[in-house]
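First comes the structure, then the notes that go with it.
We just call them A, B, C and D in the order they show up, numbering each chain from 1.
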């Protein structure tokens, strides 16, 4: 397919790009992102665009790797760069959810056991109370597979976004998850604590007793994440 | 609310402040404290005051971040600094327990499964024998929630201190724990080995056999913790 | 036994040797290889030869440690160097499988529980979909033991290769595994994700629910591993 | 008690002392030794003496910390140095076992669950085949407690050595273990792989299937541990 060139939505504040790069490296450092997986943000100037690295391991992403895409996940100015096959996850999440400005796709380790057993993943910890409702599990076969379980086109991405609904996280059966939030700090918090809560729930389940999940009126979005962001940023500071 | 200014209980030996900062960083390094959570000490000159960092991730706390509070958790000299919402945990613990000179609030990972299942947390290891009695679980709904499961006022803090009773640790359902001790080294030891013992007990429970818990006459408070403190301090030395 | 000297199949591109050394160190860094275990490649110029380190811990292997062997695991030019006793695993895998150009033998931690219980090890994650078929377990006693459970001669190596069949991995009861692939990057990916998938499956099994394994038509070999290789290489770069 | 002075069995090759220090730091680095626990060797010149650090965290032990003791655990030349309370574990192990030249006492994490449940700890992995027989569990109450579960005198040490029998490891209920071997490298290997095997066995047990333990004729002591020692030493080299 020949490269097409769209006009860019315009330059982005370098501090915003640095936060995006930091998010990628923070999640890699916490083993939420492995050698694959990716983080994006909606373009600050144009809601019809998003910013995502060229295909590269999350721990190595730099400012220069960030590319611009439209919401069908066409690159604005590809310049021969290889792109993540699964970028359609991002584009369709932004299309379906005007409230979402940051998206992560991970294979974080404890997503797999929950995604292949039907064991409900829900919050047992205040800090993960964004998971107050059971996390839905997306079955790619409902829309049809084309490249194993990978999300390789807009139709599959749209189906995943539909399963996500208006929630913060969807599990992808045998694959990983999709995490969304209103901003980059929040999406890092959610991706990290979805994994932590899943690990804790696996321990709680091993006790074979009834479990007290977080109740709807106990759920509370963190008002600010600046203190957490400060320490997470500091952990990857030497690489930025 | 306008800032009020109380008169300070006076200067504190810098070595004592450095130990407080070290405690915060040690517990962060051992993953007992995450990006939130906090450590305090009672003011060495005035039992009606305590010392706690301004709102900041425990791994980053420095000497300059330490603030003075009265036991209702009013700041002595706020100077615009943001404070931990949950400081009431500390103030009320000091009020209720004249024997306590150091307090930690953590979300250490294995507290959650025990706190939401009713599975009793008790010592199975000599080194955690301060947990010889079953750790009580505090249910914030008994006093009423105001900000999710967070301890956001003195009434909630008092209720938690009541559940703590005269013990070393209380679990907070779906949230974390409160750990108290007579001194800073001891509270670090307790916060760390409450987590270690919980992890070991989870493994022991998985064997589905009767468990020998530490008996009352086997429980022994460590006489000194200087050797442990030496190595824990050394682990964070480069940051102090 | 006196040393014999075979003629070498010729020099090898230093970049290929560096990749072999990197593979050894990457797998050590990810705790897939412990102080023992080994990685080899088929000789690029002669399918009847393979390249393997002298006996040395995988984390310490250097370019100068690589030796050349024939497929009966005789050294080409021993020069007094100590050899891995279990090199017969490699020689016989290359003999049995012309499609294989890279071989790893590991004691990766979660291989042991699956190998001694008969609990089937199969892929539950897309990224480990090379394990779409149940991994066979080799029982050394079927061919006879000579040095505990170690593979100490060609007959034992041949028996293991027979159990491997045309698959990517065989478990060795009470010992570890054999992992094979068409190239060095792929064998690193497989050794690493056999362990990750085993850990995830152990968690899934603890839920005591039916498990959705990866279906045959969902299995997909990664088209390229260059991005993963870039980050894995970077993790050991300071040592190369 | 006044200090007494015994005459020393004579100077020890500094390389031997360095290996003892390295052993302490290696086991600390692998989390087999925590802030407490200790490693000793029998004196190379006098079987009635052993060498053990003054009371200090294992990760910090240096050559200058090593003291000489007789087999009743009296110090040869105390010079005011604080001693490990539990040194009687070492003295009595050397008294009971002329074949033993190196001793470790650990609280390695997974010893506790096995020690308090009666779940048998045995080898499921070739590399831990020194545990071919079920590891005995010592109950300190059979001889009587004096300081919690600590081994605080020769009588308790003798009782523990009796439970050890002619084996390599004894569990201490609710406390940790005693590991012995003919030399320092071997005792490090055994302390490390007792923990690894225990972790693997806990996973295997979770599958609720019959387990194939290592059979007596499959057990094999490693002929040499120099390669493992080389990499373990390298991990702590910067501190020696």
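One rule holds for everything that comes next: contacts are C-beta pairs under 8 Å (C-beta built on N, C-alpha and C of every residue); 3 or more make two chains touch, one makes a residue touch a chain.
Keep in mind that this is a model prediction, so the values were computed, not measured.
In summary, the chains found to touch both subunit B and subunit C are A, D. Note: Cα superposition of subunit C onto subunit D, rotation of 90 degrees, nearest 5.
Seen from the C-alpha centroid of subunit A, the farthest chain centroid is that of D. Separating the centre of subunit B from that of subunit D, both taken as means of CA atoms, is a distance of 33 Å. In this assembly, the C-alpha centroid of subunit A lies 47 Å from the C-alpha centroid of subunit D.
Multi-chain contact residues of subunit C (touching two or more other chains): 206. Taken as a contact graph, the chains are arranged in a single closed ring, with each chain touching exactly two others. Contacting chain pairs (ordered by label): A-B, A-C, B-D, C-D.
Partner subunit B is touched in their complex by these residues of subunit D: 34-36, 55-57, 59-60, 107, 109-110, 112-113, 116-119, 145, 147-150, 173-175, 202, 205-206. Contact residues on subunit C toward subunit A in their complex (touch as defined above): 123-127, 129, 196, 199-201, 203-204, 206-207, 209-214, 217-220, 227-228, 230-232, 234.
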